[in-house]
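To keep things clear, I will list the structure first and then write my remarks on it.
Each chain gets a letter, A, B, C and D, in the order it is written, and its residues are counted from 1.
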Amino acid sequence: MVKLAEWRGKEIFRKYGVPLPPGRVARSPAEAEQWVRDGSVPLPCVIKAQVLAGGRGKGGAVRFANTPEEVRAAAEAILALEFKGERVREVLLEGKLAIGRELYVAITLDRSARVPLLLTSSQGGVEIETVEDSAIVRQPIHPFPGLAGYEKRRASQSLGLTGAASKALSLLLDALWKAFNAEDAELVEINPLAVVGEGLVALDAKVIIEDDAAFRHPEYSEIRDDRTPLEEIAREKEIAFVQLDGNIGVIANGAGLTMATLDVLMEFGGHPGVFLDLGGTDDPAKVSEAFLLMAQARPRAVFLNIFGGVTRCDTVATGLVQAMGQIPPAERFPLVARIRGNNEVEGIEILRKAGITALSSLKESAQSVVAAAQGPPPAGGRA
Amino acid sequence: MVKLAEWRGKEIFRKYGVPLPPGRVARSPAEAEQWVRDGSVPLPCVIKAQVLAGGRGKGGAVRFANTPEEVRAAAEAILALEFKGERVREVLLEGKLAIGRELYVAITLDRSARVPLLLTSSQGGVEIETVEDSAIVRQPIHPFPGLAGYEKRRASQSLGLTGAASKALSLLLDALWKAFNAEDAELVEINPLAVVGEGLVALDAKVIIEDDAAFRHPEYSEIRDDRTPLEEIAREKEIAFVQLDGNIGVIANGAGLTMATLDVLMEFGGHPGVFLDLGGTDDPAKVSEAFLLMAQARPRAVFLNIFGGVTRCDTVATGLVQAMGQIPPAERFPLVARIRGNNEVEGIEILRKAGITALSSLKESAQSVVAAAQGPPPAGGRA
Amino acid sequence: MSVLVDVDTRVVVQGITGHQGSGHTLQMKLFGTKVVAGVTPGRAGTQVEGVPVFDSVQEAVDRTGANASCIFVPAPFAKDALLEAVDAGIRLVVIVTEHIPFHDMLIMYHYAKERGTRIVGPNCPGVASPGKAKVGIIPNVVFRPGRVGVISRSGTLTYEIVNGIRENGLGQSTCIGLGGDPVVGTSFVDALPWFENDPDTDLLVLVGEIGGTAEEDAAEYIRQHFTKPVVAYIAGRAAPAGKRMGHAGAIISRGKGTAQSKQAALEAAGARVGRFPFEIPDLVSEVLRERGRR
Amino acid sequence: MSVLVDVDTRVVVQGITGHQGSGHTLQMKLFGTKVVAGVTPGRAGTQVEGVPVFDSVQEAVDRTGANASCIFVPAPFAKDALLEAVDAGIRLVVIVTEHIPFHDMLIMYHYAKERGTRIVGPNCPGVASPGKAKVGIIPNVVFRPGRVGVISRSGTLTYEIVNGIRENGLGQSTCIGLGGDPVVGTSFVDALPWFENDPDTDLLVLVGEIGGTAEEDAAEYIRQHFTKPVVAYIAGRAAPAGKRMGHAGAIISRGKGTAQSKQAALEAAGARVGRFPFEIPDLVSEVLRERGRR
């Protein structure tokens, strides 16, 4: 899941022909000022922080300016922000337009019907989650013939567009449909889509690219995301690793089992801090690597939950013991292991020899790790 | 049907990534010499007349050259040719390659199965019509998912390609498939496709673009074709008009009826010289226009065969009479009309008043027009 | 019984407000067809020849129970019109429009087929069953109810032949004009089984032309499965190779698609093949007489 | 009888020469499955675990009568492998491969569906019916023949639950792992009717997880059509919104796909929903006892 910042989403929109306001990206106040001085961005203009979090308008991350000096000052202020935990690295400058109505258009996936879904609403400019279902028109688009003319006409109708504006929508939807498919997007969203005179202009851009199609899109591999630094490392190592708010690290094999382990911990009063799914790996080196990554998250305690089905418990245990030896004593943490399945006895023995207690009951082991996490804190900080 | 000359076909191939020999088009001997002097085309090279007719090799329209002087001389000779009735306007210069085997690859339409058809044969370099059916591998390609990897592997197998050459074929077939669809082609053909080292190179290019998709491809509207000048005019006026070898012009409404009229004429010893299908037109002005075009073909006699079903016989007759008045006396020709169907009586009456005899029997009218065509020739030449 | 259309056929005309659409709506109604709706985007609420116009096929279906469509919209929009009809659940679509790119038709054909919608055409006169319904543009005057089935690739030539059958005192069960394009929704081979199974058809007239191998395919089907007598005519004996004769599909290319090959195949399959169009009505009468059906 | 696979299932393994392909070929054979062929282009003529390898699925089908496929090829080639299997007439395709772009899966899903081929997966453990056949990678040791059906979106969690059922002295009729991707060939709603109609299944275990509305759709189906008892577990109560929890499909986005919503829907449909995975085998025993089936 690669969430693109507004300006990157708009670069994609431009490539496929979605109409945009005149705009430029700036990485410094001086650059921002230059874009208006050289006429690249007309005045008055809007200056927007390029962050992934929503709610920029209310958070002071969007400002307006009428003169080059105001542009510089606004850019300076925004570039100094840390917005909902994200440092602002770029601002997008765009000429202000005489906006009529604000609409909503998006293409996403309908998982149940297994088709792309075109969403339109005449209530644009607000978070779509706050719009009533009845005010959103949903049209499934069959992937084979693709977006049909009659579907675009229905979209026009739903948005109350006629004449030239309806034709503009038709072209815009074609562009959006192409972008959705050619860029392997999960979501392409324009909110608001502004009616400007007889035309349409995308005032914002939300584009999410699918991770699994990365082999077709090397151009997205370098784009920063809302992943944490550790999640970023995990991604490069192809480990399913998610940082959460708690302090107990969970390693399990299989996404379902890892999720279930978090659930059990929560039920017994624990606070999961890391979700780490080993997947189907058998390889002690890989297990070891995953475990060292976990250590970097500085958990108060770690819970290893393995069901050896396709994988073998003993190889997982071997990797684990190898990794434990590499963790500096100051960074060590209590470890509770629960191992079931293939070569369970051998796995438990390997852990026992390394001084790690392994239980076979999920309930007991969960209770035990929750107790451990409530003990004295380790040398470092929280997970 | 827009048949593209080799160099235009290769421009399309280049656009989609089909590998080609280094080459340039020249419209004069001096230009040809320049392309080798400035290194655009390496020596030795081949110089090929850019005509639509086949059999260039045997017809002296393909020559080889080792020096810039030889290139100039060859280009001069070829540009002076009239090849099977076509004036040579361009030559294509291409560097000679160390060619291994010569293969055949094409994508065309399977009308019965309503799918594109991938044709491959290891017997390239000869006219495909002369290759035995058993030496051609035909694979239907479903238009929806498009060309699949396993189909490309089968193509590789059929051509005896392995390793790097097989990978090259896979990329080449993807390019060809894209070209076939994106350019609305009826045929994309590479014959021969040469094995050069571990790679593949398209030595020739045959591309036919579909007429009906012209609204998507204005870029082809200016391309000369193997149409006659009158056929070219007819095309612009959207009249179905075909020049044939005989001397009797046939105007009818509907392609099937027009063809059947030619057939009947032939059976009675006539030689059709023009096929003109009025289609479903009702409009006297359009009929008149078509008739004047017919006159330009200088037929010895003209046979008008109308069945008024959707159209009305009287409006057709009106258009005809209008047109006859505009033909200079020296260019007039005997006209036999056979009219049946809607408002048949009115139509016959209109013609009678203008001095044209209309019969209702197809047989009698055909015999009558054949006799008329065998009479004294009109002022001008043949149809 | 009849083929493709019957008294329950309820037609929506796509492109009803155009010249062709409105004129043929009237003709279909005069034929006795239940034309229940028209569609032209932006013209909802109006009427054409007493037929209510809607903005979309779905509305037309919802409001009028239309189950067949006749498409007159211009070629660049025909693909969309077909997709709309299929998605609205229409089961029979006759496409009169000509000059639809065959690349579009490939998509249209497979999309419709996979959803169980039958296309007739494009570039075709449509389907008519005298006394029941007509979807398309075949002139009403050539028909009278009877027991001769007709399948044809051409328009006017077929009208002439059908008219000749009428003038000979016979009538037609159902007449289908397949259209002259290289890619058609319904081919001879698709339509033959319907006539084989139609108790109202005694004899079949097959009107073919040069180009492709549809007639050869038909001959093979007739040889193996078709038990009723067949009278055939093939247009284009005088056509040279490599030239398109009016119809996009009427071209002899790469040695395939000659009239000779088609005639020979049909004769070998037991069909009576006429040399002239005007022979066909007489051949029909003759064959029926031989079989004692007349 | 059983669901999807039975003693007539003849498996071709696509990507048989890879590490996963060869290892699981052996496991499927040990389960008792008729693994009749493998496919790896360029490796025809070799054998893997005694199974002959072919260059193409068509050859494998022609030579061995294979009617089901198990795909292990890497994600970038999975679409092609599926098209090849469908075009060769394979009726059941289990796709083990993970990380297939969902845009590819959209094409694969519709192409297969329109041709009557059933996909299970991708990113799934497959289908197993103890004593009959297994197509996929579910560990053999967790099974024993019995009358509990299982449908699940996860892998290891399911193995654990299935194993627990076995340890409680019960067995399974058929177990299907649907896979954790956003677009899957078979959903709960697709699979529920098979278990409803399977005389060998007395009770169904449904293992869901956060993301999408597949469990809510299933609950609706169960409420309306499913007459057998259902025991369910939903993983991901502790998962925050907006994060993908291992599976590409396991994400709460835009307020949709929470465990709470799924649990509530299933409970309202009459299912017994366990809070912990280890409760499920006991709930199964309990429900069967109540129903007098044990």
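Here, contacts are C-beta pairs under 8 Å (C-beta built on N, C-alpha and C of every residue); 3 or more make two chains touch, one makes a residue touch a chain.
No experiment lies behind these values; they were computed from the predicted model shown.
Enquirer: Does A-C or B-C have more contacting C-beta pairs?
Expert: Between A-C and B-C, the larger count of C-beta pairs in contact belongs to B-C.
Enquirer: Need the CA-centroid distance for the pair chain B / chain D, whole Å please.
Expert: About 55 Å separates the centre of chain B from that of chain D.
Enquirer: Where the centres are mean C-alpha positions, what is the separation of chain A from chain D, in Å?
Expert: Each chain reduced to its C-alpha mean, chain A and chain D end up 28 Å apart.
Enquirer: For chain C, jot down the residues that touch at least 2 other chains.
Expert: Only 107 qualify.
Enquirer: If you look at chain B, which of its residues touch at least two other chains?
Expert: Residue numbers touching two or more other chains: 142, 144.
Enquirer: Once you draw an edge for every pair of touching chains, what topology comes out, line, ring, star, complete or other?
Expert: It is a ring, because the chains touch in a row that closes back on itself.
Enquirer: Identify every two-chain combination in which the chains touch.
Expert: A-C, A-D, B-C, B-D
Enquirer: Taking the touch rule as given, give the residues of chain B at its contact with chain D in the complex, in rising order.
Expert: By the definition above, chain B touches chain D via 142, 144-145, 148-150, 153-154, 157.
Enquirer: Quick check: in the complex, which residue numbers of chain C touch chain B?
Expert: Residues in contact with chain B: 75-76, 99-107, 109-110, 137-139, 141-142, 152-160, 163, 180, 182-183, 187, 207, 209-210, 212-214, 217, 233, 235-240, 243-251, 254-255, 259, 275-278.
Enquirer: Quick check on the complex: what are the chain B residues that touch chain C?
Expert: Residues in contact with chain C: 1, 109, 111-112, 114-116, 128-129, 142-144, 181, 184, 186, 210-213, 215-216, 240, 242, 244-245, 252-260, 262-267, 272, 275, 277, 279-280, 307, 309-310, 340-342, 361-363.
Enquirer: Within their complex, state which residues of chain D touch chain B.
Expert: Per the stated touch rule, the residues are 41, 55-57, 77, 79-81, 83-84, 87, 107, 111.
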